[in-house]
Amino acid sequence: MSARERSPVLPLRLEDVSVVRHGQTLLDRVSLRLEGDGRTLLLGPNGAGKSLLMRVCHGLLAPTAGRVMYGASSLRTVEQRRRLAMVFQRPVLLRRSALANVLHALSVHGVPRRRRGQLAQEALALFSLQHLARRPARVLSGGEQQRLALARAWALAPDVVFLDEPTSALDPTSTQAVEQAVDRFRDAGVTVLMATHDLAQARRLADDVLFMCGGVLLEHTPAEAFFARPRTPEAAAFLRGDLVTGPFPRLVERLEEQCESQELDALQR
Amino acid sequence: MRITRIGRFTTLIGILMLAMSSAAVAAGGKFITLASTTSTQNSGLFDYLLPKFTEKTGVEVHVVAVGTGQALELGRRGDADVLLVHAPPAEKKFVNNGYGIDRRLVMYNDFVIVGPDSDPAGVAKADSAVKAFQMIASAKAPFASRGDDSGTNKKELQIWKAAGIKPSGSWYRELGSGMGATLNTAAGMDAYTLTDRGTWISFNNRQNLKILHEGDKILFNQYGSILVNPAKHKGLKTDLARVWHNWITSDEGQKVIASYRLKGQQLFFPDAR
Amino acid sequence: MMNVSYRSFRSIGGGVMHDVFPAAASLILGADPKLLGIVLLSLRISLTAVFIATLIGLPMGAALALYRFPGRSGAVVVLNALMGLPPVVAGLIIYLTLSRAGPLGSLGLLFTPTAMIVAQALIVLPIVAALTRQVIADLWEEYREQLESLGSSRLRAIPTLLWDARFSLITTVLAGFGRAAAEVGAVLIVGGNISGYTRVMTTAIALETSKGDLGLALALGVILIGLIMLVNGIAYGVGSVARRYYA
């Protein structure tokens, strides 16, 4: 635990971060602070801006206003970048074996060749994928692919891992396997920020809850308090199951899921 | 692991490439570039002549066979070391303009007028080549012209001029082709055409064509060898080219030319002085 | 334009049956050394040209796909258009360049196999580069976020994407080889069709046909078609492997 607190990228702070696109405000002056403890679940209806927020935290998107602070500074060096890992909703794997996918990530991270093999094998074994090491990654099942994405993130030894609705496309059995995999991160002291719109999953996993709706961060409370006594009416409605989609679902989804390169270019540094 | 697989594969291909290219370079040796005409090459003379020359002198001759016009252009640009062509007026102009030196007569062969069996223009009865052409023009019988500024083409135009005719109309087809292709077309079209005897003898696709007129002096085809002027271009192999130039005009070379037979007939008659 | 009579068609057909096919067959089956020499030279020239074009074209196409710079769209349009560069025009350009009267004349490369390799590489390069650009651009759309998330720079992403696209790229390279092996205009102009030195299958076919000597021409034609079919067969096989194992 104390080792995590000395991580150069924590605490991760957002200060009045906004993202405006096509005249629409998709993230509205979000401020938050992530310390090193446990699993923070990012909850909210579809189109609330959860994926956008994760990408801003990770550094994939530059905000239109406000700033993102990693530890003491707002600059994101290569070293710091390497301490943040992200797993996307649909796993993006290269056309090569499962093992080779992890090896590639290690190579990009600058890990010396001698050590790559061992680290990759360990990561696969930890997520029960070692028997699939030589299999082409793209013929694995959805759940196996997502576990592979997690193994890849694990091998990079990040301080923070962002998970963008990692089980929304999976069946219950695979979902359980992935949730167990996420446990490993938490057990190793890695800060986990996970977006989900699945209430039951949130109840199972959350230590902390960030609740968003319509691009606004409405609540940041410990899990127990959030589920028992939500402070905002939107949160209450969401917990009842009344609030399913937010104001700009289509626009936000388009931006998140397709990530058209020009838009990305425009939004990035 | 992936990297070593790629590495091995690429290395293998690279070695293969290198081996093949170095084989090419090694095969270089001493050689000159001779610009000549397609009809000369098609006669088979070079296949007979060149090995004897190379055996005697150790110099290889790379023959680029194109139309006479292009051969002279190659000489002008310095892309050949020596020329062997058959268009005396153009050759003289070439030398006068300073592009060539030491023009020497080498040998001659002749042209013949071929046409369809049926001979609609009655060419077989003509007593001169000029008369034959006049008959073809007045009958408007199909005539295949090479139309490619070659020696044969120049000879053809020379005859038309002597006949006082400017050939035009749908019966006169300018093909822009070599002699073989022109004969193919003439055979297919049942057309008249002018061809050198050598190409005719070795031509396999005659169909209904046959020789209808020959022997007229105007059909005489003189060959000349010209060295490309080294003063105009750097890097020409003029010394080696001179070896060839001297050999084909020497007694020995001339004897070899005379001894060449195509289907039992002598094609070229040496006349170097 | 030409009034080829029915009679002459029939006589050509008769000639083909009786003389040409047996002649061609005996040349192929008897492994005639002249024939072999021509075939080997053709392979050497086209393979080397494709190798060079690939070496330059793959990274060029990938860079064009990944990097943005002023005039990029223009460059892409020009590159795509150059895929259709007529081989004779490429040959003419190389000829004017390598001729003694031209800028690189002092190299003395005209009428050598090297000139032919250069000309064919020039023809194949736009094909490889343009198709690579297209393939890599599509892949970049797919992988960009993930690769950036891993911290990969664009430069670092180039070998990753090239390897990922290996099946499509192999097909592209094979297409380039097919184009090189089948063209006649460029190698004729810059090579000079010199017997035993720069005479390849296509130029030999042109020559033998113009001489009316169809036996050798047909034998070479059969081999050339066989080669093209082999290349296409390999491309198809590569495609099926890709589809089956890598989705």
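For reference, chains read A, B and C in written order, and residue numbers begin at 1 within each chain.
We take it that contacts are C-beta pairs under 8 Å (C-beta built on N, C-alpha and C of every residue); 3 or more make two chains touch, one makes a residue touch a chain.
These figures come from a predicted structure and were not determined experimentally.
*Asks:* Taking each chain's centre as the mean of its C-alpha atoms, which one lies nearest the mean of all protein C-alpha atoms here?
*Replies:* C
*Asks:* Report back the single chain whose CA centre is most distant from the CA centre of subunit C.
*Replies:* The most distant chain relative to subunit C turns out to be A.
*Asks:* Mind checking the centre-to-centre distance between subunit B and subunit C? Centres are C-alpha means, answer in whole Å.
*Replies:* So the centroids are 30 Å from each other.
*Asks:* Could you tell me the distance, in whole angstrom, between the mean C-alpha positions of subunit A and subunit B?
*Replies:* Distance between chain centres, rounded to whole Å: 77 Å.
*Asks:* With chain centres taken as the means of their Cα atoms, state the distance from subunit A to subunit C in Å.
*Replies:* 48
*Asks:* For subunit A, jot down the residues that touch at least 2 other chains.
*Replies:* As it turns out, subunit A has residues touching two or more other chains at 96.
*Asks:* Give me the residues of subunit B that touch two or more other chains.
*Replies:* Each of 2 in subunit B touches at least two other chains.
*Asks:* Could you say which residues in subunit C touch two or more other chains, in rising order?
*Replies:* 163
*Asks:* Along subunit A, where are the residues that touch subunit C in the complex?
*Replies:* 58, 60, 78, 81-82, 85-86, 88, 92, 94-96, 104-105, 108-109, 136, 138-139, 156, 259, 261, 264-265
*Asks:* What residues of subunit C sit close enough to touch subunit B in their complex?
*Replies:* 2-5, 7-8, 11-12, 15, 19, 44, 47-48, 51, 99-102, 105-106, 108, 110-111, 113-114, 163, 192-195, 197-198, 209-214
*Asks:* Which positions of subunit B touch subunit C when the two form their complex?
*Replies:* 2, 6, 13, 17, 20-21, 23-24, 33, 38, 42, 46-47, 62-66, 76-79, 142, 173, 177-181, 183-185, 187-190, 199, 202-205, 207-208, 233-236
*Asks:* Over in the complex, which subunit C residues touch subunit A? Could you list them?
*Replies:* Within the complex, subunit C contacts subunit A at residues 68, 140-152, 156, 160, 163-164, 166, 245-247.
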